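Let me begin by handing over the structure; questions about it come next.
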Amino acid sequence: MVPVSYYIILSAILFSLGALGVLIRRNALVVFMSIELMLNAANLAFVAFTRIHETFSGQIFVFFVMAVAAAEVAVGLALVVAIYRSRQSIDIDSMNSLKG
Amino acid sequence: MSLELVLFFVLAAIAIATAVGMLISRSTVYAALHLVVNFVSVAIFYLLLDAPFIALSQVAVYAGAIMVLFLFVIMLLGLENIAGELEWKKLLWPLVMAGILLVEGVFLVLQRIGQNVYVGTTGTALSDPSLMARVLFTDYMLPFQVTAVLLLVAMIGAIVLSKPEKKSATPLKPDGAKEA
Amino acid sequence: MTQIQEVSLDEIRHLVSERAMTGETMLLNMGPQHPSTHGVLRLLLELDGETVVNCIPDIGFLHTGIEKNMESKTYQKAEVMTDRMDYMNTVGNNFTYCLAVEKLVGLDVPPRAQAIRVILAELTRIQSHLVWLGTAALDVAAMSVFLYCFREREQILDIMELVSGQRMMTTYIRPGGVWRDVPVEFEAAVRDFLKIIPKRIDEYEALLSKNPLFLDRCLGIGVISGEEAINRGLTGATLRASGPDYDLRKFAPYSGYEQYDFDVPTRTEGDVYARYLVRMEEMRQSIRIIEQAMAKLPLGPVRSNNYKFVPPPRSEIGTSMEALIHHFKLWTEGFNPPKGAVYAATESPRGELGCFLESDGGPKPYRVHFRTPSFDNLQVLPRLSQGHFVADLVAIIGSIDIVLGDIDR
Amino acid sequence: MDWWLVLEWLIKSVVLVLILLTGFAYLTLFERRVLAFMQVRIGPNRAGWQGLLQPIADAVKLIFKEELTPGSVIQPIFALAPIITVVPAVVIAAIVPWGPDVEMFGRTIKLSVADINLGTLYIAAVASIAVYGIVLAGWSSNNKYAMMGGMRSSAQVISYELSLALCFVLVTVLAGSMHAAEIVEAQRDVWFIFIQPVGGIIFLVATLAEVNRAPFDMPEAEQELTAGYHSEYAGMKFALFFMAEYIKMIAISAIAAMLFFGGYREFPLLANTWFSVDVNWWLGPIYMFAKVLVLLFFMVWIRATLPRMRYDRLMSFGWKVMLPLALALVFVTAVGILADLLWIIPVLSLAIGFVFVMLINRSLTMKAKRR
Amino acid sequence: MSEVLQGYQQKLVKAFKAETSEFAGEVTVLVPAEKIIEAARMIRDEFGFDFLVCITAVDYWPEEKPRFHVAYVFRSLSQGLTLQVRAPIPGINPSLASIESVYQNANWQEREVYDMFGIQFEGHSDLRRILMPADWQGHPQRKDYPLGYEEPQYTFNFDDIAARKPAPKE
Amino acid sequence: MGVEQKLGNMGVVTVKLEELVNWSRTNAMWPMLFGLACCAIEMMSAQSANHDMSRFGMELMRASPRQSDLMIVAGRVTRKMAPVLRRLYDQMPDPKWVIAMGDCASCGGVFNNYAVVQGVDEVVPVDVYVAGCPPRPEALIHGIVTLHEKVRGEKFKDWA
């Protein structure tokens, strides 16, 4: 038997690592992956909470998060491809201008 | 220490290690692969938490679709190696901020949640997907529909975005060639 | 696969687009050992994703020096080299060379020999088209057709073996006629074959012509217009699929082709599918020609009796002193044609196969040059493949039916 | 802990793996012989009686072949990729029930290794990660052809996974369960292929694409990419890819049999006779084996007959034909179940399928005219 | 020889001071090398010879002026005529204008002549070796280039020939 | 190479293993697609229905040298092709065999001139020479069977 708090702490660690990734990496793809990691950490917390409250709400939220993540990745990667095509770089620091 | 606790720690170690690995790996392919392992280990956590439907969806959606897309884009654009971008000097502030975040989270967790809630695979009603579906399609019908619309919008958006601009389309296209 | 002669980007700068210089497009080396290059063709591809931006053929991996080598042999002995040039059209190569020699020295060929030549040349055409069909189908991964085609081809090779003793490199057609008369079994063998092949061609068509996947691979791929095709020197089915009905058998009939009633199939679309249809129809027309030639196969000698240029029959050597002298002279020294240059051409399965022959009056050809159809046909590959996918490129190479031996010589 | 359960599970796993391995070996021979038969040849017949030892010869030869690793590859992924390819292929077969429950040694034994609730979802999840092996093999080979093969594979799998998943949805809706055994039992009266014929065909096409079989063998398209993603692999590593491909074929045939062809159940007309699985449980595995064999024969037949599709057409076929068609079928099926009119499902779906075929045909003739 | 062809022959002679000859029913026109591109234009545009059959060269070594003849065979598909044109060029720095701009398939044909005879074609878009390896020395079809004949070794003359071979085999 | 080096001298076991391995190598000898000229067509004939090389387990023509055991050099090898040939040979993993099919590959054939390598054994080691121009498919199959005999006689100690 595992205390739920362990899961929550693990979730917090993963979330922080994801946040760290967003902050330190300049590569748009890796930043994306870090965001996915953060979403996952949140999901883990949701499922853990489901166990505490004995309702389905948490799992259903995870379900929605997955759908949103899929949508986000589709659009995000399309953006990465489009940006790479136009400026041959996916360094997020170089994406500060609004010009294409 | 029960078997499940051991399993938890092993998996947690894997999850954290792969998350760190993703952060520091130089090749984006390796980053993606680390993340895949991370997702699979998280899926096993879901199994431990009596959420098999979510676990399998996690594998199918995250590991099977999203990360394959990532790999595809990496290989399509040839972005395997973006070297020398991790500068340790600039790392201080992000580290501090992430650390604060972590400490605060852990503190809150410890404060709010009693240690007495234990979980394990019990085969309770929570793992039955048909019950979950019942809730999903009654109480959460509206959000479900909204998600569907969101996915549709995302799909259209992705198609529009990834369509090559007119001028960069292959200029040498002779009369016989046709669109994909 | 193999990159032996690493080409530096500078050397081919004038051939690729400027996007290759920035690394936006990928340079891919295809061949010379690649399943679908029909031998040892090497292609340097500039790819944008999977789209061919540019395609630079690199040939010569089978350059055998045949022309140079023929210049060091007498006219008769040089003929064996021609077989090995376009190895799908061995009889046709002999045919062209013999026509050139006959033109050079002014030899007449007896009618029976002419008819036999036509029959064998058309059989070779069918044989070559069968191999083409098999390999072209294999290129789009329809693997069974390949084996069916080779089954029928074996029958033609058996006929070749019957008449000449060799399956492929027959050297059966000789200046002034053919080597010897056909054996008695020849007619039965050809008729057996003619009985079977039309049904078999229908079978292949049933497998491919209406197959949606095959249509999808062929329709609208590698289009070239008739005018451009002429200007780029295309000949054969590749040209006729674009409109012009240029066929040397009609254009400048040789060896009695004017006596036969046949059509020159043409299409106007000029794509891979049109080439496929034209070749399938050509096989049927070849069958018609063979049938007519078989029907009126005249009796008589099969070699010219001008013993200055043609060796006398073996039977005469034992009885006639003159024949012995001719025989000795011809095989030791050869004959001396008049000084001058000729150009003779036949319609090979791939197009116009021409032989440019120059004599300086000596017993050896001074200069032999073969105008081979695949050489010019392959030249349009870059033009045909631009903007298509790699998979289409494979289908296009299959459709123009190149034989590397024909190109490199 | 029920140690007997563990033992049972262990035995079942070992048996399954052994079946798959022998099945793989003899499937290669089966394919070669069937291809030879279709191409008026004889096929391998020198090794052992009728070539029955051919797979052993192949295996032994590959074992004793040099393990050649080119210098330019990216280790360790190059070494890992074949394993990543094989494991899902084996794991996916765990879910398939090979017969009804059996009473033996005083216990009820299920004839499937993993008897989990979410059977179809499990298949979808495992099938979706099977692509990693190929993609990574292509990438780590550091060879442009292999890379193209890997990329083709990833794009292909993403496009066809959706149709495949929708087929699972079809079956789930029809059976009212995701549980493998329950799906099979739901076909007691009528196989799902009769209720949803178009769905079955879509499933078969999508599986062909999913296991990279002709006419969808893009990743290794010999005529275009020489050997595709496994260009640089030699010896046992190559054998693992070979193995994965064939094991996937077996697994996917078994799954198709389970989802649409009544699994281990007899033909519906044979119910209540001696041939029924309810009467003789041991007929179950035999039926299953026969069905798998027939499906494999179909796969080989298709390979012998059809040309390969072009890559971009394959993608557009997946997105523009298969996906809408599968969606429409799900809709029709759901309506039929809701309205409790089972006969309406095959009628409507056949009609929709016919419309799609007509559309494809029309676009082809249009193309033929336009050129 | 048809009268049409005779007319063309006359025109060519008039325009370029060409020489003509006839052999075995074939007409050959000897056009000065520097005029070849105009001649080709004329042949295509005025005479309607739309098809370039082949380009080759003949080496008359040891003769030096002219050492080479570059031979062109043109064909008119509509009129059913064939015409051979030759351009004599000297042996030192042999070069000639490329007719690639007139007939597109001259590209490879000229490359082959360049590869085999070392005749430079000026204005050619891509004059590289085509059949021989890029680092090959010499031009094989020249008469002063040896055939590269290798004597077959038998038991009785094995050592003889082995001694004469230029380089030992691996 | 692998297992066999660790076997050492084990008498009967090795002999049996030797036999097994050699048997398997003869029965599963995958040729590489390496058609050059005329002989390639006859090689295809040997694959085809009438002659059917697949009886020997040889229909798996590998496109990649990494997966092939046997290189059938079918046709004349030119000076331009020779380095490519050599590289492909080097890319094949051991054990590997070469059949020089036809006169040109064996000794240069009728092409005794500047462009053609006078026998492919100048470039790669050849196990079996098949005569003929081109050899009949039967001759090629005979060459392969001869190679099988040779392989059957190989000993562990000969393995590199």
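We just call them A, B, C, D, E and F in the order they show up, numbering each chain from 1.
By definition in this document, a residue touches a chain if its C-beta (ideal position, glycine included) is under 8 Å from a C-beta of that chain, and two chains touch if they have at least 3 such contacts.
On a predicted model such as this, the values are computed, not experimentally measured, just so you know.
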Between subunit A and subunit D, the fewest touch steps amount to 2
Comparing centres built from CA atoms, which chain ends up most distant from subunit C? A
Centroid comparison with subunit B (C-alpha atoms), farthest chain: E
Could you find the two chains linked by the most C-beta contact pairs? A-B
When the C-alpha atoms of subunit B and subunit D are each averaged to a single point, how far apart are the two points in Å? 27
So, in whole Å, the Cα centroid of subunit D is separated from that of subunit F by 36
In whole angstrom, what separates the CA-based centres of subunit D and subunit E? 61
Just the number, please: Cα centre separation of subunit A and subunit E in whole Å. 69
If I count partner chains per residue in subunit F, which residues reach a count of at least 2? 48-49, 63-64, 80, 112-115
Listing for subunit A: what residues touch at least two other chains? none
Can you list the subunit E residues in contact with two or more other chains? 131-133, 140, 145, 147-149
Contact residues on subunit A for subunit B in the complex? 1-10, 12-21, 23-27, 29-30, 32-34, 36-37, 40, 43-44, 47-48, 50-52, 54-57, 59-60, 62-64, 66-75, 77-82, 84-86, 90-91
In the complex, subunit B touches subunit A at residues 2, 4-5, 8, 12, 15-16, 19-20, 22-23, 28, 31-32, 35, 38-39, 42, 45-46, 48-51, 53-54, 57-58, 61-62, 65-66, 69-70, 73-74, 76-77, 79, 82, 85-86, 90-91, 93-95, 97-99, 101-102, 105-106, 109-110, 113, 115-120, 124, 126, 131-132, 135-136, 140, 143-144, 147, 150-151, 153-155, 157-159, 161-162, 164-165, 168
Complex contact set, residues of subunit C against subunit F: 1-2, 4-5, 32-35, 39-40, 60-66, 68-69, 80-81, 84, 87-88, 131, 134, 146-148, 150-151, 153-154, 157, 167-169, 404-405, 408
Tell me, which parts of subunit F touch subunit C in their complex? 33-38, 40-42, 44-45, 47-50, 63-64, 75-76, 78, 80-81, 83-84, 87-88, 110-116, 133-134, 136
Subunit D residues touching subunit C in their complex are 35, 38-41, 144-145, 148, 214-215, 217, 221-226, 231, 303-313, 360-361, 364, 367-368, 370-371
